[in-house]
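What follows is a group of structures, each given as structure tokens.
Okay, so chain A shows up in both of these, paired with chain B first and chain C after.
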Partner chain A sequence: MPVKWVLYWQPNQGSTVSSQILNEATQCVESINGVKEGRWKATLIYYKPMLRDQANQAEFPRDFLGISLADQPSKYYFIIRSQRIVLESDSSIQLIMEKLQSYKSKVALYFEGFQYQLGDFRLRVGKVVPTHSENVRGIVMEGMELFAFGADSYSHLVVILDAIYDVEYLPISSMEKSRKVMEEFLEIWHEALFKRSLPGKFVNTELNFGEFGLGDSYTPQHTAVRYALVMAHMIATVQAVRG
Partner chain B sequence: MQPLHQSQLPQNSAEAENNQSELDAPPKQVAQAMDRLNQAARVIADIRLGADRILEALFVASHPRHTDMPLQLFLREDTSMRQHLQDLSLIGKKLEESGVLTESLRSRSNSWGLHMPLVCPDGAVVAYAWKRQLAGQAGASAVDRTRLALKAFTDQKRRFFPHIDDGLKMEPRSKKPRASHSLLQHDREEPVGYETLPDMLSRLEKLVPNVKVSTYGRLNWLKRASSLHVSGGEDSTEASKPIFQSSSKLRSGLQAEVVDKVAVIELSVPSVFRAVVSLNPAGSLDPDAVAFFSPDEGGSYLHARGLSVYHVYKHITEHAATALQYFLGFGTGSGTPLYSLLLWICSFESLFSKPCSKCGRLLAMDKKSALILPPLHRAYQELPLAVNMDVCEAYHAGCSPDES
Partner chain C sequence: MECVVQGIIETQHVEALEILLQGLCGVPRERLRVHELCLKSGPNLGVVSSEVRLLCDLDQPEPTWSVKHVGGAMRGAGADQISVMVRTMIESKVSKNALRMFYALGYKLDHELLKVGFSFHFQRTAHMSVSVSSVNKMPKIHAIDEAVPVTPGMQIVDVTAPATPENYSEVAAAVSSFCEFLAPLVHLSKPFISTGVVPTAAAAAASLMSDGGGTATL
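So, the complex of A and B:
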């Protein structure tokens, strides 16, 4: 499977995330001869356990995440980042969980966007989209809880993530061998962005995959873990901002 | 259906006429011969019709209704048939005498370059005069066409293979590689006059230990290519056993008979590339094609004349074709073209790590294809036979000094 880097936008000190970034980034891709190819989407769901005795809540991990990926439609991935667990299962597990009423969705995030082809590179840009009928603008933090929010009532809260980006280099699947290539590609993209004076940069999710039992050869589990890390990072950023 | 006049004449005058015809100019002879052939054709047609009528008469005679008519018919046809046959034999004699049925006239010098029409044994008439003229025209245009084709070919050769021009010397790129090259002359082993493939490959793998070298017969390679798939392409399946595995101990003896059939050499650097070289004829040391693929690619299109689905390997394959032509045409002074090619292929181990020697970057936008690519070019003109293949310089297609 081709190596993929999952990126998030890190604004410079003092500036906040702006939804303008998405448009600018997309235009940059097109300026380096990217060709819009099709749609893609991903779903991230934070689960909380349904317990009879609420006091036990603390025993259960808070970052239990379920992810569905566009290029693996028949699979579903679970990650508990704090315990370094990643699991691949069949997508029917969601139905089973519903029937068992064991876990409930706490926050559901839907990303939708386009994918672009630039020669042997593939870029995906996914914006947070409305769930149900809400006009969702992003993910917010309130207290220690995550919410997806609509434009109207939660505007005073900090938007922490409005889009997720990923870059794939199709010919090879070794993370080690593709590192330099991906770094330079990011540089090229940044150079193009720099011309538009955007305050910030894209950051890759770097982590020790070995802790999750994952190797050098790239797999969808790597992606799932990366998405979880992006979320964790976002939360940490907001917490830092709030002091 | 008239009997010919000539048949009425006495034999003498017929002979006289023949003698006269010998004195005629060749064009007249040819014209006369053509005439007589036409006459002969007409008589033959008459004979055919006569034969039909005789058969008809016989048929009618078999029906006892008509009493006298069939006999009359029969007698009439009989007479006319005999006449026809006589005519034909006369014409035949004349044709024979004028050399149409034989080739006697050809040996005559005084024929003005024209030949009598010749009746071939299978009945075809060859009118030489006309044929010669047409043939002459065709010949002239063939010469022209050949001349044009040669010119077009020379132009193409000059354009795509500039280094194969005769009499043109190549400038050395810089002093350094030359120096290192000559230094290594001492350490370099003597080029073997004739080495076997296993020897060559073991020499190679000592030089580039990270590259896996395997050989296959053509059919076995096809099996292997089809069994390679995206996940876990590195494992060779039972279905396709390579004839020579780099770490195999079964080299001597057993391999001697099998080496004859080696037609494909596979060079693979895990996670970087897989290169396929084909040998033609199988069992020889002559490479005729090379192609590069992703290590994750698999399928029956994976062969020395196939193309990868990824741009980077597609471009390398194109570049490799030029390098192959260079090795076949020039060689690098030591080692066979095959060895040079294999060594050059191994220099691509650094495909995703070695930046371009000109611009210092790994990725660059290739102007021609509007794609972002790593340095795909590796210098092949002065192939260092150093232990460390890193000496081989890498360039982007646009940065390459070869670019013209």
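So, the complex of A and C:
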């Protein structure tokens, strides 16, 4: 499958993120002739163990998460980042997890927004929101206040870039071989954004897929790992901004 | 959910059962070689202790894995009146690192088995699967090449059919009526209620073997 990159918005020191930035980013895609294709959504759930004795919490993974991707509705992905595990399964595994009553959802997040086609690429621009964000102003996770949502503020923005067609006969399922065209496209995107003088930038995540047992040939499991890593970066960014 | 019945048959009559099934099902048999790992939640994990099975289908060019959860059987007067067990069952295909993930989540290996035999998958009112297999245990962890039969000379017959809360009684009826065709060779009943081998099996098998199957009048 074609390579995807997942970028996250890194606000400048001291600046906050607002829906204005999402609007600007969206307008920016349209200004470079992006054709709106419709909405997209992905769901990410952090799980926590259901323990009879809370004293032994340390024995269980604190970073166990599940992801459903818009492109793969029949699949579900589990990730334990600290142990470099990514598992692909049928989406029915969520029912099995419910039946087992050993882990339950701690926080559920939606990645949602619009997708655009730009020549050989597809660009998805969106925000990350808790599933019931309307009434929730803060969700405590790992002992830190991670999300503080008002009616008009989004802590997190993401951009997902897909190469959707073969570009100049390059095999775009190879991560290494597609890197150059992806970078070239991002340069155009960054230039367009730069003109708007936004207080931050979209950052790509570099990671070693080999550690997860994944090769150079791109699969949906790579995407799931990218989402997990982007989430970790966004959490770290929020924590850093708040000091 | 699924409807399920189970029975046992002496290995010497398995060939006759295969001929009979071939005639009844009208589909080619498939080889069955499945490594089954039963995992249980660690002592502190979960509201109640839980159990999940990982199945590795070894009869594929590249072994494929699935996770299976078998829930409790349906109970009550309605369930007592039907001769098959109706229970919840969910099976999901997974990538090959499922065992590693469940270990990481705090599940422990309880026991493992190797099932070797054959199966038939066919449509007969409901979609049904019949499997005939010898169940083997491993002397050492994961040593499938050294597996030895748990019950030498005896094999297990399983008939299963997926069902829904809306259609389970029809599916159960279809499974029951199919079981009647197998009755001369194997008696099928709700799992864990063993009814032993069928006394007429030897005679029925001899008749089938001489007849060549398919047209046997049992």
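As a convention for this text, the second predicted complex is superposed on the first by the 198 of 243 C-alpha atoms of A that agree within 3 Å, B and C clash if a C-alpha of one lies under 4 Å from a C-alpha of the other, contacts with A are read in each partner's own complex, and residues count from 1 in each chain.
One rule holds for everything that comes next: contacts are C-beta pairs under 8 Å (C-beta built on N, C-alpha and C of every residue); 3 or more make two chains touch, one makes a residue touch a chain.
Owing to the predicted nature of the structure, the values given are computational and were not obtained by experimental measurement.
S.K.: Let me test your reading of the model: by the given contact rule, A:110 touches which partner, first (chain B), second (chain C), both or neither?
M.R.: Neither partner.
S.K.: With both structures placed on chain A, which of the two partners, chain B or chain C, ends up touching more residues of chain A?
M.R.: C
S.K.: Considering only the touch criterion stated at the top, classify A:5 as touching first (chain B), second (chain C), both, or neither.
M.R.: Neither partner.
S.K.: Of the two partner chains, chain B (first) and chain C (second), which one does A:46 touch, if any: first, second, both, or neither?
M.R.: It touches nothing on chain B or chain C.
S.K.: After superposition on the shared chain, which partner residues are touched by A:202: those of chain B (first), chain C (second), both, or neither?
M.R.: After superposition on chain A, A:202 lies in contact with neither partner.
S.K.: Touch test for A:221: chain B only (first), chain C only (second), both, or neither?
M.R.: In the superposition, A:221 touches chain C alone.
S.K.: For A:118, is the partner it touches chain B (first), chain C (second), both, or none of the two (neither)?
M.R.: The answer is first: A:118 touches chain B but not chain C.
S.K.: Which chain A residues qualify as touching chain B in the complex?
M.R.: Against chain B, the touching part of chain A is residues 1, 32-33, 118-121, 170-174, 176-178, 180-181, 184-185, 188, 216-217.
S.K.: Inside the complex, what are the residues of chain A that reach chain C?
M.R.: My answer: residues 49-53, 56, 59-61, 64, 78, 80, 83, 85-93, 95-96, 99-103, 213, 221.
S.K.: Under the definition above, what is the set of chain B residues touching chain A in their complex?
M.R.: 230-231, 270-272, 294-296, 308, 310-313, 352-353, 361-363, 365, 369-374
S.K.: Which stretch or stretches of chain C touch chain A in the complex?
M.R.: 41-42, 44-48, 50, 52, 67, 69, 71, 88, 90-95, 97-98, 100-101, 104-107
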